[in-house]
Amino acid sequence: MNRLPLLSIMTWAPFASALIIMFFARRRPLLVRWTSVVGTGISLVASIWVYWTYDRAAAGFQFQEAFPLVPSLGISYLMAIDGISALMALLTAIIIFAGVFASWTTKERSQEFYALLLVLVTGVFGVFVTLDLFIFFLFYEIAVLPMYLLIGIWGSSGDIRPQGIFGWAMGRTGVGTKEYAAMKLTLYLLFGSAFILVGMLALFVATGSRTFSFLELQTMQFEPALQTWVFLAFYVGFGILAGIWPLHTWSPDGHASAPTAVSMLHAGVLMKLGAYGVVRMGMGLLPDAAVDWAWLVGTIGCINIVYGALSAMAQTDLKYVIAYSSVSHMGIVMVGAATLTPTGLNGSVFQMFAHGIMTGLFFAIVGLVYEKAHSREIFKMGGFGAMMPGIATAFTIGALSSLGLPATAGFVAEFLTFLGAWTSDYPWWLFPAVIGAFLTSVYVLRVAGQIFWGPKAPDPHFQHLPDAQGPEWAALGILVFVLVLFGVLPSIAIAPVDTATGQLLLRLTGQ
Amino acid sequence: MAGDGTLALAALLLHAVAFLVLAVAAPLRRLGRPAGYVSILCAAGSLAAAVLSWRAHAGEAISRLVWTWLPTEGQTLATVGVLADADSTLMLTLVALVALLVQVYSLGYLSDESAPALGRYYAYQSLFAFSMMGLVLAPNFVQLFICWELVGLCSYLLIGFWYQRPAAARAALKAFWITKAGDVGFLIGIVLLWRHTGTFDLAEMRVLAGNGAIPLAGLAVITFCIYLGAVGKSAQFPLHIWLPDAMEGPTPVSALIHAATMVTAGVYLLHRTDWLFALTPDVLAIVVWIGAFTALLSAVLACVQTDIKRVLAYSTVSQLSYMMAAIGAGFSAAGFFHLLTHGIFKALLFLGAGAVIHAAHSNDLTDMGRLARRMPQTAIVFTVGALSLAGLPLFAGFLSKEEILGAVRAGGFTAPFAMLILVAFLTAFYMFRVVFLAFFAEPVALHAGAPVAAGVGAHASHVADAGHHASHAAAGVAAHEPHEPPASMLLPLWVLALLSVAIGVYFTFVHPEPEFTSPAWLMPVAVGSAVAGILLAWATYQRRAIDAASLAAAFGPIYRSALARFWIDDVFERAYLLAILGFSRVIGWIDRYLVDGVLNMLSAWTVTAADDLRTMQSGRAQDYVYGIAVGLLVLLLWVQFG
Amino acid sequence: MTADAVAFWCLAVVLVGSALAVVLTKNLFHAVLWLALALTGTAGVFLLLDAEFIAAVQLLLYAGGIVTIVVFAIVVTERLVGERISQTSRRIAGGAVVAGGVLALILNAVRGQVFPAARPEMVGDLTRTVGETVMTRFVLAFELLAVLMLAALMGAIYFARPDD
Amino acid sequence: MGLQAYLTLAAIVFCIGLFGVMTRRNTIGILLGIELMLNSVNINLVAFGRYSGDVTGMVFTVFTICITVAEAAVGLAIVILLFRVRRTVTADHLDLLRG
């Protein structure tokens, strides 16, 4: 079959535009932006195309591309997608496409900024579409590392007072600065990837057949002891990226310090890499261990949900609220996956998508508000709804999705997860999950009410603020549209995902 | 008869079309009144379709149209569609009617709004009507819940329509959170029920229930959870506190959402699933007791309010509890009947109150008086509404109220029955207190320090519409004279008033066959208590024969507690501040300073250790050579002797 | 004792003695001269090992080249600073212990091994063989060495260039 | 004379050089020590080569000598440069790389 290598195009188009930007767009900011739009646009078109033409009846891995890279070690450039990764690739493409527009006004070193951003996206795409563990890891690192520069250079510092019994330590590490956030995030994620690498190599050695191919590995049966500790290594490694409690603390600081597009991409997509890793690698390769340890994954997910929601409620900085809401929502993803039921896993994957879009929207809006009002202090702002109705509406729709209101993508995800939880072996997971949704409604609407739908703040700086303009509309419009579309017609996402989750669970539970 | 299902579907979708047009076509929306015309046009079409659909389903005919909404495991997990039968199409017609009238009324009532705000208002209205109809026609619990949440959203948006006012913004949040708390139970109930029965579909479930195929073990928990949803939505104790505050929204919104339709969703839910609740009599008993208690509580509260809309709000809570009590007693048809008549006359009362507020620029009863002279038409229709609510013969509430009282008695709940009779008396009293104070008595202000003002200082918050209208009345308050509202407002009032009377007259003479037999003394007792209430109100507020202050003093503790709303709101506020916000602060602190602190500790230790180790790097090459030599020495030792 | 042995012991005494003098004299210039002697002694050792060519290279490059360069360096720096540079040592005891320890252990290692006592006969002209090997088997390394020398030359010139 | 004698001699010279490198304060003095150490290595190379009947040892000695010369030239150039910049040849004062 002679057809376009869509997956490679999708993955490498941003990289190519990054190269073009670095070599040809010096001191031409508009060219930088349009190159980025074109590059990510190609990815978006390719991902939609793949998503659309994915053969749901046939299911399994499709659009396969393979050629050997290091045959002696069994490393090959193997790309293919199934329903889950197709949805994730679509999510990535949407978020980065919107993210390019959302960071249109980056002034400082925009050339390097966009180039790094695009390189990072290449890594993310690569992780989702590759099936070779070695290449997977390479892409994973590509996706993680540019973050350090992106936050360290273009980030913003917050203000956190060191106190408590660890006060001296916090003063010592420089809590709140962007350098601190960048370093914390990088160290945390690299710490996690060390676990992942060890786990992958252990599997590679255990097979004895010199292959890194997921397709071959998943047909093997590893011994229980190996499965257990490799699964735990994967869980910790990927889980750090997914923000599992108590290894989540890089996420609020990192997201709060990162520039808009980076927060969007990081909370929207990179955290999903973690969850995707647990599902694909952990559950896909180590079925017995996944069944054994589901209780841990789900229970920590429950803690995430409630704890994240309560922490979000306590914040006064808008970006921190959103960041903690990510921690809470990733808990739903984890609980959904841990249910090991088709409904729950569908919910989990759908939540990855829904949360990606909604948090991308949130961070885009936070960026816009900050740019216009120069404030992130929730309780100093107020009554922006009258001045920026567009932004306010978009935020409200994001908020509603966040609290799981029907007709937005968030509801479908949570509802499926709830159903899955109650039919799993640990039905009590339902209750923290539902309570988390309620707490979300409290903090997220409190914020929306304070900033947008409340009385005007007396501060003279906040009296005449513009609404979103030009390219910013594109970012908001795309994300809101997707959020509502997938909420009203969830079957366009669930149908392909369902084909993949069923196969995955077949191996797990043997049903 | 699938063809008739499409009529119901059309009624539903017309509103969706209106919403989509207004939501997407921003320029049209910002024009204001044209947006309203679009919405009203769709609402009119929707009413026509609803009426036709109702006629088509008058008998036993049921039509059902469903589409797959959510697939899982290659099969259909959940569907969306319409389930049109006699009850749902009747309710559909009520919704369509009130929605249309309210939209027409709003053209006059909100004529001073800026064009974009008006456009936004009509977009919300269309979304609400769509969601409410979706709820009414829902063929399964999933769609029911979806629309249930959406109407809650619209309620939130419309209560907070004047979000620049702190009270409105607060009330919107309160309404959303409190109902959402109930919905937590509802959602859990749905999930549990799905596991229990394996389906979301109402029709399938009903068949299962009919066959006795639903296991009874644990079912009570499930139905109770579902009932919790209804408690939140239909403002049952203790979650009733949001409804009075919801009066911060524009009055037409109160009429549509917080009187006639959305708040009755809980009652409708229980009515739709009465075959399920019938399996769990214990839960039904709870429903009766809570219903009767809430009815009494809110009737007492209604008596001390001085804000005309709040009186109506508490009255709504009280009447909803009536319906709940009937359903709990096992005769859901009686509750549903009252739901319909109440929808008509309570909408009438709210819209009438809106006309009064529009004219008097105040919500406060003490600012009114003898308005009947200035606005006789409004006075007439409002009195018709009040008589309906009091349940006098020839008016809409007469038979439905009777049925409820009979149902509760027939269900064997004597104490709740007694409470409800007392409520009937109180209802008539507080309603006619409003009628006399607003329309017929001398203005209170003329009797300086008049007793009725006793409640004002204590707790009244009558910022609602009044504050809004005050802004454009500021120009000439003194010169202002109350006057009849414009035709766009009068027309809906008359339509509703005539309907109330028509229904009343019809059912006064044509008794439907009740499911139970009521004793002959029931009707005289009910009507008598209502008349007694009216007379007491007349004596106190019109003739001022009885001093209102001494009347209040006679019920001293109750009166004072009622002014403080029995402290229920305070309990909730404390719970919110302490339990949720306070706890969240603790968690936030723990996260930042303990969970993250441990990490920072590790990090700081590393940095400190590195600082110490750093001195080893002296920068002098010879030291390194020395180190290498020592290393070599150690290495050699190790190789040779190790 | 054979003549070889006598020559070896004499050379060894000279070599060790001059080496000690290199590291112990106070006067830097004298130290350089002692180094020249040590290098010459090494050349003698090479001769004993039948490596005439290496001995020649050693004398030419080392004793001739390096010593000259060092002398130049001393002269230049002394002229710059305008005073005689004496040199002192420090940590003598520690250095002696460490160096002595290393020596003892190396010697211990050497003593424990069995080495061939006699040298095999080398046929033919050893210098010629060395030349042929350099130009055939190690030609690449040889060329690289040329590049390295050039680079070192240029580097040295660059470093030592007068201030602009 | 056996190989052992040569190796012993080389080891002694090496350790003397090492001692010099460790103890001299003057940079040029350190360089001299290094020269001694390299010399002893050369002795080893030649001796091993000779006793195993292989010319490779000698070839390498040639290379080593060349490299040593290059190193000495660069090293002394650096010393001169340093001297010009910092006015000292005392190694203790050259601690720009201190942590």
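Letters A, B, C and D mark the chains as written, and numbering starts fresh at 1 in each.
Everything that follows uses one rule, which is that contacts are C-beta pairs under 8 Å (C-beta built on N, C-alpha and C of every residue); 3 or more make two chains touch, one makes a residue touch a chain.
Quick caveat, the model's predicted, so the values are computed rather than measured.
Student: As a test of whether you follow the contact definition, which chain pair has the most C-beta contact pairs?
Tutor: Top-ranked chain pair by contact count is C-D.
Student: Using each chain's Cα centroid, which is most distant from the centroid of chain D?
Tutor: The most distant chain relative to chain D turns out to be B.
Student: Between chain B and chain D, what's the gap in Å when you average each chain's C-alpha atoms?
Tutor: Their C-alpha centroids are separated by 93 Å.
Student: How many angstrom between the C-alpha centroids of chain C and chain A?
Tutor: 64
Student: Whole-Å distance, chain A centre to chain B centre, using C-alpha means?
Tutor: It comes to 37 Å between the two C-alpha centres.
Student: Approximately how many whole Å separate the CA-defined centres of chain A and chain D?
Tutor: Each chain reduced to its C-alpha mean, chain A and chain D end up 58 Å apart.
Student: Quick check on chain B: which residues sit in contact with 2+ other chains?
Tutor: Chain B, residues with two or more chain partners: 626, 629.
Student: At least two other chains touched by the same residue of chain C: list those residues.
Tutor: In chain C, residues 91, 94-95, 98-99, 102, 106 touch at least two other chains, as defined above.
Student: Could you tell me which residues belong to chain D and also touch two or more other chains?
Tutor: Expected reply: 18, 22, 24.
Student: Which category does the touching pattern between chains fall into here: line, ring, star, complete, or other?
Tutor: other
Student: What pairs of chains are touching here?
Tutor: Touch list across chains, by label: A-B, B-C, B-D, C-D.
Student: In their complex, what parts of chain D are in touch with chain C?
Tutor: 1-9, 11-20, 22-26, 28-29, 31-33, 35-36, 39, 42-43, 46-47, 50-53, 55-56, 58-59, 61-63, 65-74, 76-81, 83-84, 87, 89
Student: Using the touch definition from the top, list the residues of chain B that touch chain D in their complex.
Tutor: Chain B residues touching chain D: 614-622, 625-626, 629.
Student: Quick check on the complex: what are the chain C residues that touch chain B?
Tutor: Answer in residue numbers: 91, 94-95, 98-99, 101-102, 105-106, 108-109.
Student: Enumerate the contact residues on chain B facing chain C in the complex.
Tutor: 626, 629-630, 632-633, 636-637, 639-640
Student: Which bits of chain D are touching chain B when the two form their complex?
Tutor: 18, 21-22, 24, 30, 91-92, 94-99
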